[in-house]
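Down below are the structures I want you to see.
There are two complexes below, and they share chain A, which is joined by chain B in the first and by chain C in the second.
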Partner chain A sequence: MSSSLGNQVGQLARRSIVRTLRQPAQIVPAIVFPLFLLAVNTGGLKDATSLPGFPTDSYLTFILAVPFIQGALFSVMNSGTDLARDIETGFLNRLALTPLRGAALLSGLLAGATVLGVVQAVAYLAVGLIAGAEMAAGAGGALVLVLLSVTITVAFGTIGLFAALRFGSGEAVQGLFPVFFVFLFLSAMTLPLDLLTTDWFHAIASVNPVTYLLEAIRSLLIEGWNLGDLALGFGIALAIGAVGMTAASSALKSRLVRT
Partner chain B sequence: MTTETQRSGGIEVEALVREFKNGPRAVDGIDLEVAQGEIYGFLGPNGAGKSTTVLMLTTLLPPTAGTARVGGFDVVEQGPQVRASIGAALQEAALDPLLTGREHMRLQTALHGLGKAERETRGNELLERVGLDYAADRKVGGYSGGMKRRLDLALALAHRPRILFLDEPTTGLDIQSRTALWEEVARLAAEDGVTVFLTTQYLEEADALANRVGIIDHGHLVAEGTPAELKAEIGRPTVEAVPREEGDRERMTAVLGRFGQGAGSSPRGVAVRLDGGESQLAEVVRALDSEGIAIERLQLHAPSLDDVFLAKTGRSLEGAGEEEPADAEPETAAPA
Partner chain C sequence: MSEQRTAGVRDVARGVAWRSIHNFLTNPAFLVPSLLFPLFFFVSFAGGLAAIGEVPGFDFPSGYTAFQFVFVLLQSAAFGGVFTGFAMARDFESGFGRRYMLAAGHRSGIVLGYALAALFRAFVTWTVLSAVALVAGMEIAGSGGEILALYALAVLVNVAATMWAAGVALRVRSIQGGPLMQFPVFLVLFLAPVYVPLDLLSGWIHAIASINPVTAMLEAGRGFISGDPVLVIAAFAMGLVLSVLFALWAKGGLRSAEAGG
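Take a look at the complex of A and B:
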């Protein structure tokens, strides 16, 4: 008896989704915390739109890109801590005793992150639009935005999986959260890249991939269809996902030492 | 040493070794054979090497040296075939507190490749068999320790394995839950012909359940046989006396010391293993009487597996593992 790869992915995806939906503590902060920061930033920095060269007169529209990245950061923690718990409790050993393939385990575990990514993206976008943000790319742009957001969430989720497999502890995974926030703060989070006049900050933000993820989201909100920005955003997200998945697969081989 | 019986559902282990980085040999060259349908009790204190042995036999940890065949398959070369032949309930019931019992069964049966219709049937059958059908749709986080262990057993049986590994399955359970699990394990071996490799640190568990017992200490197999054989090998009963006057305890120790080596006793008593067997009991009473020591209670204990352990290792099994580290991380695993 051997289960197909598709069936294995499906079973683990189902488990991952069920687990996510049964943990309000994973869903609620991932939605509420970024929206809270959205409100704070919009209120505190709205005058930035008067700077020459600021791309929009709605700071809410500009800053609305940030919750999508912050939400994706929660995905690192959620997917990582779920897997770390499986390692700590021995559940991974239980799975290892079945004919489970490693690829199925990792893909299945990301299903929960995907569902959470969709819920988060829809929530941020709905709240933003209700509060008065613009959506220059229209309804189609909204769909692409959700897709991009989910791609980023899943990509960041692979890093959570890698950390869990490498370190085997939920605490270690949670320790990554502030590190990722530093990446966000050192990006073009609050101002466009061109308006960051401090040299060292501009230099760091220019090479920080998070800047280009933000710009891809902003292009849909502010400009409409900027295929160059979108391609760069999707490309970076997919590259992060590929690197994360490769690293996680390698760590899984060390963690699952079954013969 | 391979026989047809063992090839179909037994376990053969030869000179099996497992070393950990910067640590002692957790398993140091053990040899053992378990026949199909046999319940083999692997007895030893914490850190003796029981769980490391189970991890190697279930393919979750590669041996450093030696060979092991489980169900006729080599644990190093034929891992997938070994895993298809075995079920395992490892230390601590590894369950997901957010899933229900039924969801666990669905996942386990599906990953083992059972068809959709069979999954439901098999899952329901096993949940009923371990007495969890009434709680099948409750999240496992709300289960008691005994319920978790029973679900663990049901999950291990999902794909009808011929060999079952149970790593300390009753640790932490109350006596009722423990007895219920013993009955189920005994039934599996007797009625379904399942080979059971059971690790335990409970003497009564090995005594009550196992057809044969292997005693492991510091990674070495120090004794092996049926419980009766092992006890007969020791052969000497223990006499325990409690003096009526507390002040006579020292003199009583001296008198009893003439009849054999000291043994574990109650706090007020004195116990020795009688060198000359039961026939010395009358002599013991006469010696105490002639010394004027009044006896409050006198008991003769038949040899137990603890006596066997004491005889083989020089220590009592109770608390013997406290000075030992728990089985360490394998050197091939990622640093935790």
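Take a look at the complex of A and C:
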């Protein structure tokens, strides 16, 4: 393997993408499960639009933001499980014998999550729009939405990498799924923040970063161009990615020393 | 002879149940998700969706917390059965199930043992869930008998789900069959009136929920907790029919496992 960083990233990215695309068990649930919940929530909660202060008369448009976050949660599992398998099978040990740089390994491993993120975002958006959701920000907004969704997916993916490197076990990575679901459940997922009438729930949702990721996506769907919400959404996603990548780099160093 | 057989089934069931319960109680990886998942659903639905109780036409007398408690109770009953199916599949994948098959004189006791363990899991979850709901201020307008009937309904849901999952586990004999156990249960639960009563649903979801057997159980359960029982016979009949049908499905799975060696 050439020692140039670009070549190293390219080789590992190719492997990561091919491995993701060859595993329908990773792709299908990541697309179907959020769409199923989208359909159920839209059908079951559409009367919520009659609540005073609800920002749109289409619950589908409102709830369409959720699949993007759920899809990103699958990215934690997918990227983490793939790397954990590499650790369990000894593939990482073999890589450690090559002049591969840590940054190349981590960036390359996220390529699969990135591709899956694009596929997911396009699928959710297409199904949502076909089902009648609105896109207030227009075609440009759709592009920004896909970009934001991929940024969130990759950011969450770095946490999967960290978990895999820290624990070295696919089972431990899978065990993180419920933990991350809690963040989604305790956010302004099904109603806007202002309509969360239970005080303690409102307080938790207000400090939960997932609420602001949802609001950034919703701003494109419902309001149009709200630069403040978008900046906050991108900022939080990038911050999660930076923290995840830093933690993963540190865990990688420890793991390579250990091996 | 018949007495001997009953005693044999009972002994096998007791042994299998004891091991399964022991694994459940001593392994946090099994215990914690069983307790946390229903609590997360309850907290999220009852806390995050409280405003839905103010939607025009929503007139559930005991409030939204009680309305959601019934759903989460039945959901935890069903998933107690599914998680036990996972344990069964894991046992067969690791070869422990084969040892059960060799050792048990009466193999139906194996399925019965797992079913007892599933029921125990559900009771543990319901205890925690009910305590949290009461602390959260859930209003109960139903009488003691009606509340008992609600839990009896949950027992039937648990038995039906366990038998469904056992049938899959015994046929697939691998944890890879997990999604097959889980997804249909998830589907049938969420295609019922989860967030609002059936009358407030419309369109395709109303059509599906109207013929979904879980709807009758859910509405009966909500009737019990609010002291206004509805669809009682339909709900219990549905629970019994599903339990019997899935018990036959599990019996077929047992035959398949026997044939598979």
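Criterion: the second predicted complex is superposed on the first by the 255 of 259 C-alpha atoms of A that agree within 3 Å, B and C clash if a C-alpha of one lies under 4 Å from a C-alpha of the other, contacts with A are read in each partner's own complex, and residues count from 1 in each chain.
Methods note: a contact is a pair of C-beta atoms (placed from the backbone, for glycine too) under 8 Å apart; a residue touches a chain by one contact, two chains touch by 3 or more.
Please read all numbers here as calculations on a predicted model, not as lab measurements.
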{"item": "Touching partner for A:Trp200 - first (chain B), second (chain C), both, neither", "value": "second"}
{"item": "First, second, both or neither for A:Gly43, with chain B first and chain C second", "value": "second"}
{"item": "First, second, both or neither for A:Ala251, with chain B first and chain C second", "value": "first"}
{"item": "Chain B versus chain C as contact partner of A:Thr190, first or second or both or neither", "value": "second"}
{"item": "Residues on chain A lying within both footprints (that of chain B and that of chain C)", "value": "none"}
{"item": "Residue ranges of chain C touching chain A (in the complex, touch as defined)", "value": "29, 33, 36-37, 40-41, 43-44, 46-52, 54-58, 179, 187, 190-191, 193-196, 200-206"}
{"item": "Residue numbers on chain B that touch chain A, as the complex places them", "value": "58-62, 75-77, 79-80, 82-84, 86-88, 90-92, 94-96, 98-99, 103, 106-108, 110-114, 139, 155, 159, 330, 332-336"}
{"item": "In the complex, chain A residues that touch chain B", "value": "1-3, 7-8, 11-12, 15, 18-19, 22-23, 86, 89-91, 93-100, 165-169, 251, 254-255, 257-259"}
{"item": "Of all residues in chain A, those that touch chain C in their complex", "value": "29, 36-37, 39-41, 43-48, 50-51, 171, 175, 178, 181-182, 185-186, 188-191, 195-198, 200-201, 205"}
